[in-house]
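Note that the chains take the letters A, B, C, D and E in the order they are written out, and that residue 1 is the start of every chain.
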Amino acid sequence: MGHVPLSWYLILSVILFALGVAGFVYRKSVITVFLSIELMLNAVNLSFVAFSYQMHRIDGHIYSFFVMVVAAAEAAVGLAIILTIFKNRGTLQIDEVDSMKL
Amino acid sequence: MPINIDVSSTDYLRFLPETLLTVFGIIVMMVEAALPAASKRTSLGVLSLIGIAAAFAANIAANESSGPAFSNMIMVDGYGTFFRAVVLVVGFLCILASLGYLEREQSQKGEYYALMLFSMVGQCILATSSDLIMVFIGLEISSIATYILAGFLRDDRRNNEAALKYFLLGSFATAFLLYGIAWIYGLIGSTNLIEIRRALDQGTQPGVLAGLAAALMFVGFAFKVSAVPFQMWAPDVYQGAAAPVSAFMSTGPKAAAFAIFFRVFLVSFRPLNARWIWLVWGCALATMIVGNFAALLQTNVKRLLGYSSIAHAGYVLVALTASSQVGVAAAMFYLAAYALMNIGAFAVISHIAQRHEQYVRIEDLAGLGRREPVTAALLAIFVFSLIGIPLTGGFFGKFYIFQAALNSHLIWLTVLGLMNSGIAAYYYLKIIVAIYMQEPGTATAQLPPPSMSLRIAIWASAIGVLFLGIFPGAVLNFANFSAAALR
Amino acid sequence: MVDTVLFIICAIVAIVCGFNVVLQRHPISSALSLIGVMSSLAVLYLLLGAEFIAMAQMIVYGGAVMVLFTFVIMLLNAGTEKASSKSWFAQIAGLPLLLAFVGVLAFLIRAVLPPLAAVAFGSWVGGTAEHIGQLLFTTYLLPFEVISVLILIAILGAVALAQKEID
Amino acid sequence: MNLWLIPFFPLIGFFLNGLLGRRLSKPLVNLIAVGSVAASFVCVLVVLSKLWPIDNTYTEHYFTWIQSGFLQIGFDQMLDRLTAVMLLIVTGVGLIIHIYSIGYMAHEGGYYRFFSYLNLFMFFMLLLVLAANLLVVFVGWEGVGLCSYLLVGFYFREDWATNAGNKAFIVNRVGDFGFSLGIFLAVATFHTLDFGKMAAALQGMPAEVGFGALTLIALLLFVGATGKSAQIPLYVWLPDAMAGPTPVSALIHAATMVTAGVYMIARMSFLYNHAPAASEVVAVIGVATAVFAATIGLTQNDIKKVYAYSTISQLGYMFLGVGVGAYSTGIFHLMTHAFFKALLFLGAGSVIHGLGGEQDLRHMGGLRKAMPITFVTLLCGSLSISGFPGFAGFFSKDSILLAAYGHAPWMFWVGAITAGMTAFYVFRAFFLAFFGTYRGHHHPHESPAVMTLPLVVLALLATFGGFINIPEFLSRSYPLGYQENVGRMAISAGFGILGILLAYVMYVAKPALADTVKNAFGAVYTLIFNKYYIDEIYQAAIVKPLEGISRFVLWHGVDEGVIDFGMVNGMAHLVRGWGSLFRRMQSGSIRNYATWVLAGSLLVIFVLGLVGGGR
Amino acid sequence: MNLLLATLLLPLIGFFVLLLTPRDSKAPFGVALLTTLVTFIASLGLIAPAAENGAQFRSAYDALWVDAPGLQIHFHVGVDGLSLWLVLLTTLLLPIAVWVSQTMITERHKSFYAFLLLFEFGIIGVFTALDLFVFYVFWEVALVPMYLMVGGWGGRRSGPAAVKFFVYTFLGSAFMLSAILYLRSQAGTFDYLEIMSRLNAGQFVLSPTQQLWIFLGFFAAFAVKVPIFPFHTWLPNAYTEAATPATFVLAAAMSKMGTYGLIRYCLTLTSAGAHRCASWVVVLAIIGIIYGALIALIQPNIKRLIAYSSVSHLGFVVLGIFSFSHQGADGAVYQMIAHGLSTGALFLLVGYLEQRRGSLEIGDFGGVATPAPGLATAFMIALLAAIGLPLLCNFIGEFLVLQGAALTRFSWAAWAAVGVILSAAYMFWMYQRTFLGKTNERTASFVDLSTRDWVPLLPLIVLMVWLGVYTQSFMPPITSATSHILDQTNMNNQYQVKLVLPAAGKLTELAHAH
């Protein structure tokens, strides 16, 4: 005993992923919603690293690394998009961005 | 850990199309910086067209020496080559259609063309990738570039909204995909598609967990191809984005996503076939039904085409359900045909819509047949192809898909699918009715003639659609031959 | 023992911060909570022997990305969320679906996943910068090169969409 | 031998007058019209003289008309003694009436049209008579019906004329419905429609007992005959058909076309001999029609209507004759009837012509001085139809009644009483027109020679035609079917004379009596005067309901309501309903969309992970 | 040069040539007329070979069209006695349509002619295709220009009518495509002759259930196209709203596509299915005959009346086909041609009426015969043909159909013959109210038919008489084709023709007994 079962890590990952989803579904500020996506990506990273440990291979780390890069790029683009939204609508309430529907 | 990497020139040749696209993307940006402020930026578009042409040539060359490259990261085979070609043609036509559009909107910028090219890089990678890491990166490159393109006219509220929706939901779905990749990695220890297949064939992993991984990846792919119930974004985004961008989004990224969808599910997850086949069955049916039924009530042409693209995704999913070589070939053919007809339709709409896309309702098409008989006739060809009338690519694709389905004994899916295409005729015909059977409205009355580049795009799409419908043999042969890659 | 304690502490911090991300009504609180999550994850990465990733997590994520976020939040002066009656489907169906999601996945991990190795701190250190670097420039050369296109796109996108604010 | 020439000439006449008549002068039109019939008459004479004494059936095959499977139908014509009689009647009487028409139609518009129709009629009638198989009979059968329609509706600007034309054609179609079914069944039974072959198939077979195929065929064909020959229940068109010009009534609705049913039954005697039940029906319908129509005839005021009902009645006699198996008597009466009824109609036409179109008996009277020739000839005709001994009608009618007595005495009695009624109403009309004082306004005048000459010829035939012994002539094919019986002949003749006397008393001697009688019978009179309200009953029971059902149930109800609105639009609504549901799910809200993605992913995980089975 | 190929491709070539002509000139008319006439002349050459032996496909042309692994599609066309007259009917009708379009179409002539030519290409293809895929392709190719013609020209509500027409038929053909694909998955080829020979040789067998489903698939498409009750509700709208030349080809030529398909494919490929459903189909056909006639009886619009009469007339064709008798089949084919001629002529005349009066409500007419005797006469002739007067074309068809039906089941014929009575009623009633009676102030100035108006009518009238009198010019190829088809049907399915009443054989038995 004394060692933490890997499955705990995985379950933590699941919980964090789910929290990310929850944030996406329940938060009403565009920025928080976007933050929730980052949370989901972090959760996935945790899984990658945990699985890497399991197999003693570092491919998972590479994945995590790439995910971070992607997240950074997404952040740049996403925030730029949010900027344009704010500029045109003067709001960051996600529920008000629904002019196209039905 | 042995370090043996020999990257040969062949590897670079196999990756040449992507490289060329990137290089031209960079050149476009540099040239733009060098251009005097007042000069016209159309030349940038021409430059990117040249880049695409070069990439196309490189694609053919790469196919001559097919095989894996960069330690099995990508796999150049007929299948990949086909989709690369589709993507490149799509990009070419969309840029052609964009030239005049951007001029009209006074948004002629180098970034647009560069982003187009970069997006195509991602799609080409998707078409050829043979490792999930490449899948992820290709998908992101393609998607992020497309998010920006969707919101490219940043002063346009609809563009903003489209970009935001596409971006947030796209990233959300990508997270699922990524989670699926993590699980695959955790279960199998590799993300190489062939390795996954091999491991699953041996069956040492719990099938349930493999199923879970497949399910999460399915969510990601299904989102990208707008399959029910992950289709919600598509109509909103296609409606909101600029028409040439919608044309691009609904064809290029979609074809690429389907390419990898098929590759992953038919190569890697084939051992799980029994698990996912009914899922895809239901998904295909639901996608056809939702797309077609919801489109019945649309009055906005772009939104209508958005729903129609959902429905067409459903047809392609039928081919996936068939999960046979014929099915793959059918899907390839169909996506190529669909790309042409959809780009054509969107291109004509972008012309009719006029400045700031004021005229995108069906009734704005009224009387087009009298005012511009040629444009109208071409639009009619696209619409008939979307309906699936013989002698157009749309028909032959649909025919081939359902034949594949029947060969795999999917009788009910075939019947229901074909019924769906019958119902679909109704909303497409609303366009035809407007063009030919109504008096000209205000929109068509003040229509300036289409620009030369747009005309070329439309004509090329139309000729392509008819060629695929009348002489499907060559493309079909190639598709069939290369579909063998997915075993 | 230390492993367990560390894990539990970090896990609790991560979860609490995660909840905070979801529950806070002001974006800036959510952003700060997210930094908390990331930091505790960095510790967990270290526990799992991923040195490089732990560092990258702090520098890239905690540093660059989150700073960008806070910046934008400040820039836009994003206020507290307003209550909205829209998206009723999300309000109603969200929670049960989430619980089901967590339940199913947790069940699968506990019940179906074959027993995995237990994590012992320092028992395996593969994820040094050297290891990563080697792999990155051999096997993962192509993705590594290609991801530069992504960065390029990000730059382009930021320029294309936010140009006016910049000049 | 070229039998085809016989109908061919009138056909040429039809085409010439029909296509060019408008540009031709009247004499030329006359020449073509009358000439073609005359040529055809000559042709008949030549043919008959060559074939005389016509002991065998002579057949000519021209071309295969229809060939399909086992069924082969030739365009064939044949000639035997029956045909010969018919040919002579049709061409002979036809010629006379054509000549008469020159005078009668002289002042009418559409002169060429009239003659071309008349020629066309001759063509079809001759085709019918000469046909060697049932289908060619049917061609003529329908063709004469068409001509009847065209000629009844000749005054096409008038609604009463076109209504009558439509009625004639449609009622005939109902009959033809039966006729055609008979043909189908005959093909199914005999595999041929040739008279010769059918007869041969039945040769030596016993008569059918009960109700079998043969009876059914015979009855179905008889349904056709009731239509064409105006028998109960399809007689209703004939009185209305008097809307046509009077020569048409004479030719088509008295002398030739309406007798086609009788001819057909005689032609198909081999069949009816094998279907006694059907023959019984024919006889009963015949006798019933005879008496029924005669009662209506008693009360009519329109001179042509009187003759029309008398035609129906006389046709009933003929069917009685052929129904009881005495085919030759039916044909005999057919011939004499052709003479005297044509005469009566032409005489009536002469009266009408002389009075400027007046047809109502109440507006005539005392014409015997103004129109002496018409008076005399019409008297001959009236006596003939009344069965006054010595006149043509006497012989033929009595032969039928004698045959009927041999079959069933009640038929004889009914027939004899009918004869009395016939005599009464014919003479009623005669007396009302020619005796008493003139009650009209137009100045009456005698008709021109071109009209009176035919009257004279027909009067001679009506008077002496009875001496042409048709039963004897046809005895080779048809047994005589009756025995001479002076007593019974006297009875029927007596009824006739009684009728004439009664008419004389009521309309010449004591004119007031008529009204007294009329009032005495009150309700019965009204019933009969209104033709038993049969037209109204048909209208209320068939036509109106059919229209109502078609309009409200089928069109608005089923077609527009159930199928189009209910099923087709209902499906569309269903699809649209689902569509709008899917559309409403598309709420535009990003968070909702994400929730759908979440829900979808759960579903996918369930299906792929848990439902997929296995580990 | 293969004459059939020439007949098929000439309209297509003409179509492309037409596209190059200037819009506002006489040139499109000239090109269209010339093309259709040359096509007609070329199609005359098909008679001789096909008449030699109607059971075989002559002038056949077979070329590999699509060649992909696992999918060979042959462009295989040929003419037998069944398709021969239908092709000729089409090629005859099209020049007429072009001719009358000159005056009856008021705008966008060029497009209309183009669609006519495309339509001709499609429909000739339908009648001659020997490959199920090719058949389907032509089936739809004929539909599209027709849809555009119906919707693009004509009444105010022609658009919705056209859409209904299209969606209805397209939905039907979706089932047919399913059936074709399924058949192919069983037979391994699309080639009709190949499938038949494999079936006959027993190389593959379709179980009765399979046959039933395939039959139903085909039937759905054909039933809508014919149309068979209750799939007919698109027809009155489409016929009435379309411009008259469009109605003309729609009614005269296109309605034969469905019946042709029934007899060509349903009877042979899926004989067991056809036999199993025969009595139902016949019931529907008979309902259609009577129902169409009854509704025609009270129609206030001439065009709609003739439209419903078409439902009735085409019911006869279906009845004939599904009586499985020689007479019925022959009659059905004959009736197809006859209906094409008579209804075609009627619609032409309706067009003339509409030109002169601007309306087709019967109430707006009356007394037309007085100012326009020629028009009235021509109408009467066409009408007489339509109601099946002997010596005119429809009679032969109706007679044989009813005869065939009577041979199979007498009650069928009895019910169907009711339609014959009713046809006289509605036609004559309409004629009376339109042409007869007194003129009113609007009809008094009616202009009679000019020479130009007579030109298209004359060939139709001549043919109506010719087909009615001398059937031997037309019947032999039909008979040999239908007997071949019936042989195949019965070979694959032992079907007893049941007579309700004793046949001749029984009579002779009776005779011997005594």
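General remarks:
Here is the rule we go by: a contact is a pair of C-beta atoms (placed from the backbone, for glycine too) under 8 Å apart; a residue touches a chain by one contact, two chains touch by 3 or more.
Bear in mind the structure is a predicted one, so any value in this text is a computation, not a measurement.
Considering the contact criterion stated above, the chains in touch with chain A and with chain B alike are C, D. Per-pair counts of C-beta contacts peak for the chains A-C. Here E is the chain whose Cα centre lies closest to the centre of all protein Cα atoms. Relative to chain E, the most remote chain by averaged C-alpha coordinates is C.
Separation between the centroids of chain B and chain D, computed from CA atoms only, is 77 Å. Separating the CA-averaged centres of chain D and chain E is a span of 35 Å. Measuring from the averaged C-alpha position of chain C to that of chain E gives a distance of 70 Å. Averaged Cα coordinates give chain B a centre that lies 43 Å from the centre of chain E. Residue positions 133, 137, 140, 144, 147-148, 151, 154, 163-165, 168, 172, 206, 208-209, 212, 235-236, 423 of chain B are each in touch with at least two other chains. Contact with two or more other chains is made by residues 86-87, 90, 94, 98, 101, 105, 108, 112-113, 131, 135, 140, 143, 147, 150, 153-154, 157, 160-162 of chain C. Counting only residues that touch two or more partner chains, chain E has none. Applying the touch definition to all chain combinations yields A-B, A-C, A-D, B-C, B-D, B-E, C-D, D-E.
Within the complex formed with chain A, the chain C residues making contact are 1, 3-4, 7, 11, 14-15, 18-19, 21-22, 24, 27, 30-31, 34, 37-38, 41, 44-45, 47-50, 52-53, 56-57, 60-61, 64-65, 68-69, 72-73, 76, 78, 81-84, 86-87, 90-91, 94-95, 98, 101-102, 105-106, 109-110, 113, 116-120, 124, 126-127, 131-132, 135-136, 140, 143, 147, 150-151, 153-155, 157-158, 160-162, 165. Residue ranges of chain A in contact with chain B, taken from their complex: 10, 17, 20-21, 24, 30, 33-34, 37, 40-41, 43-44, 47-48, 50-51, 54-55, 57, 59-60, 62-63, 66-67, 70, 73-74, 77-78, 80-82, 84-85, 87-89, 94, 97-101. Interface residues of chain A facing chain C in the complex, by the touch rule stated above, are 2-12, 14-16, 18-23, 25-29, 31-32, 34-36, 38-39, 42, 45-46, 49-50, 52-54, 56-59, 61-62, 64-66, 68-77, 79-84, 86-87, 92-93, 95-96, 98. In the complex of the two chains, the chain D residues touching chain B come out as 575-576, 578-580, 582-583, 585-586, 588, 590, 592-594, 596-597, 599-601, 603-605, 607-615. In the complex of the two chains, the chain E residues touching chain D come out as 164, 168, 230, 233, 236, 291, 294-295, 297-299, 325-327, 330-331, 367, 369-370, 384, 389-391, 396, 399-400, 402-403, 406-407, 410, 413-414, 417-418, 420-421, 424-425, 428-429, 432, 435-439, 469-472, 475-476, 479, 483, 499, 501-504, 507-508, 510-511, 514.
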